[in-house]
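Two complexes follow with subunit A in common, the first pairing it with subunit B and the second with subunit C.
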Partner chain A sequence: MIEYLVFAAVFGLLLLGLHRKVIARIQTRPGPPIWQEILHALKFSFKSTWVPRTASATLYVGIVLIGIGIWSAAFFVVFAGESILILFAIYMLHKVVEHGFGLSSGSPYGKFGGVRSVISAASEIPLFVTIAAIYLLTGSLILRDITAYQGVHGPLLFIAPPFAIAMFLVILSKMPYGPFSIVESKELVSGYKTEHFGVWRAGLAVTEGLKTFVLLYAFVAIFIGAVPFWAALVIMTVVLISLSFVCAITPMLSPYDSVTIQGLITGLMLVYTGYLWWVIP
Partner chain B sequence: MSDIGGVDLFVLEFGDILHYFTPYSLTLFIFALIFTVLVIVARPERQLDIVFGGDAYYAKKTPISERQFRRFMAIACGLASMGAMASGDIFNYTLFVSMVGITNVGIVAAVKSRHVLNAAYEYGIVAMVGTLPLFGGAALILGTTGTLSIPALATGGYAVPLVAKILLALGVTGEGMAPFYAAKAEMFRAPGAPYVIMCSLSSLLIFLRVVEIVITI
Partner chain C sequence: MKKKTFPYGFAVSAIAIIVAWAALAAALIPLWAAVTIFVIAFPLLVLFLTLWWRAPGGEEDIPFIGY
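Moving on to the complex of A and B:
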């Protein structure tokens, strides 16, 4: 089992490296090598590590383990084909992990990252509408059943494309350097990540790698259906590159604009879900 | 019963009231438990504030009396969240949700900061107003179906009005989810994590549970 987790974390970090590379090339910069995020994780693993004097030590350390723990659980939920409601819960609870990272150190930069994380809670609502609509269409939230439904009716990407777009935006809101990345924007140094260094930062990198892998794999499983594993990896890479294009050409929104846009997306999704509910017998 | 949260792992009967765990509700329960333990064992952070107009900064300490009260309220909030995750009865669930709202105000009520106290007051008003649709939704469900047991309602033999589900979800949203959460974000400025984190965690957990309840019944 552990080898699957390691593969997911490493591949996720590779995708994040590719993300930086694509953004750099679009902005006519050479950019870092695509394995840079893996090197970062390894480098931080061997750097000197301690706990800041102002930190809540137990929370400061514990939150790293919780972050790795919840995304490891999400990985197994997706691979076992269990309820995507659990994946939804973990996605939302990741917000609390961001709060924990930001607030545990006592740093004002981390604190503002944490406060912005609360404000950006609107990004989770489109995911809720997407999941409700998937239940409306397929009659189940178990990933195995959703895959089986797509085996009969075709990919949900073509049956209900607005929900695929909503999920795409949900993943976009968690991508670094994106329009919704207000929790780690540069005026806050690194936002909620600012005060975690050394091996704690390596743990955070593993969390990020796992999160990226799980969200992209879930997107493929929910909207494309059952495909061979190598094909899933290729589709994940294509989806990631499309996310990188969006990140490269869009400026970072202000916190309130970010919430407004996510609210508007939710409103549109609700209208579309209402329409589906009306027309589906 | 619909298995949107996975198959039942555990059921405890109290007469006609059931408490149960699905993989979904168990995940949420464990998360609440972990953070409640963290609140019990962790010392609070000492928030650094920068003095404008100079290079100085100072660390805020949480006094022991304030820490004891906030820790108590945070533990109560964790217990209420765990109750809301395990409950199989809509009325019990709404009671736990109301308790979460009260304890959230309590967690920051001892902080001596005008800004934080104003935010807590505003949140308290929104949460109080939120209890109207919350209990209204539960009352409508009882009035139309004659039961508040989630497993019984999930069997499909009852026609739960859509408006009751909407009211229930609206009531929980009023306890601290978007778009009624602006004051809660300001409450987060209070020093003393992990206590303030319970404010956010409890809101997320009760919202996640109401999603399951609304889809199930």
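Moving on to the complex of A and C:
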């Protein structure tokens, strides 16, 4: 199983490289090579590294371990077909990780990134509605049961497309260079990542790779169902390219607008869930 | 932590992963036990490996705190 974990981290970084490439080509730039994020992770791992004098050393280093650890756990939860409630609890923990990254260094840019991470918790609210609606439809939150339900009734993507769109937006809010990426916007240098350099940044890259893989794989499992592993990888790549299109053609929203739009999406999802609850016998 | 410590940390985490992987393959431990070891040891493996092979040099500094 450890080999799958390593594969997930590398493939996730490859997807992030593809994300940058697609955005660049849409914006008529050549863009970096697709394997750039893998090269970045390696490059950072070779650099000389220390802990800044203003940092809380324990939190500054520990948060890197926690970041890799929680997404490794999330990977195994999805891979074993366990409860999506655990998966999304881990997703919420990532908010704490972003906050910890930001506050641990003592840099104001990191702190602002961490604070924005708390503000952007609104991006998780559509997730709660999506989870509730999946339970309403399938009667279970265990991933194995959800895929079995889809084996009988067809993909949830076609049964309840608004929830797939809501989940798509949740993943979009975690993608770099997207409209909701306020935690790492350029006016904050690199946001919560600003002061994590060298080996620490390489660890963060592994976290990002795992996170991207897990979220996209979960999307495929929840809304498409049980497919061969190679097909899941192809669908994940297609979903990622669609995310890249959105990121390439939309400007980054201000924190206020970001929260407002995510709140509106949640409202729409609640109305749709209410409608489903009304019509489902 | 001294740089000499990092290869030991890397070796311990790598051994933990290999032992858990082999024990799982031989059905000696349940899946949850192996996964717990992976989740704890994998981050340590990554960090100890990179701290081991990183370039030397550098000292504590104060990060850029704005103009």
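Simple rule for what comes next: the second predicted complex is superposed on the first by the 281 of 281 C-alpha atoms of A that agree within 3 Å, B and C clash if a C-alpha of one lies under 4 Å from a C-alpha of the other, contacts with A are read in each partner's own complex, and residues count from 1 in each chain.
The rule is short, and it goes like this: a residue touches a chain if its C-beta (ideal position, glycine included) is under 8 Å from a C-beta of that chain, and two chains touch if they have at least 3 such contacts.
All of these numbers come straight from a predicted model, not from anything done at the bench.
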| item | value |
| --- | --- |
| Partner chain(s) touched by A:73 [first = subunit B, second = subunit C, both, neither] | both |
| First, second, both or neither for A:54, with subunit B first and subunit C second | both |
| Subunit A residues touched - subunit C or subunit B, whichever exceeds | B |
| First (subunit B), second (subunit C), both or neither touched by A:140 | first |
| Partner chain in contact with A:2 - subunit B first, subunit C second, else both or neither | second |
| Partner chain(s) touched by A:203 [first = subunit B, second = subunit C, both, neither] | second |
| Touched partner set for A:224, first subunit B, second subunit C, both or neither | neither |
| Which of subunit B and subunit C A:107 touches, first, second, both or neither | both |
| Shared subunit A surface residues [contacts with subunit B and with subunit C] | 53-55, 66, 73, 105-108 |
| Contact footprint of subunit C on subunit A as seen in their complex | 1-2, 5, 45-55, 61, 64-69, 72-73, 76, 80, 105-109, 194-195, 198-199, 202-203, 206 |
| Contact set on subunit C toward subunit A in their complex | 17, 21, 24, 31, 34-35, 38-40, 42-44, 46-47, 49-51, 53-66 |
| Subunit A-touching residues of subunit B, taken from the complex the two chains share | 3-6, 23-24, 27-28, 31, 34-35, 38, 41-50, 59, 177-179, 181-182, 184-186, 188-189, 191, 193-194, 196-197, 200-201, 204, 207-208, 211-212, 215 |
| Complex interface listing, subunit A residues touching subunit B | 53-60, 62, 66, 70, 73, 82-83, 85-86, 88-90, 92-93, 95-96, 99-100, 103-108, 111, 114-115, 118-119, 121-122, 124-125, 128, 131-132, 135, 140-142, 259, 263 |
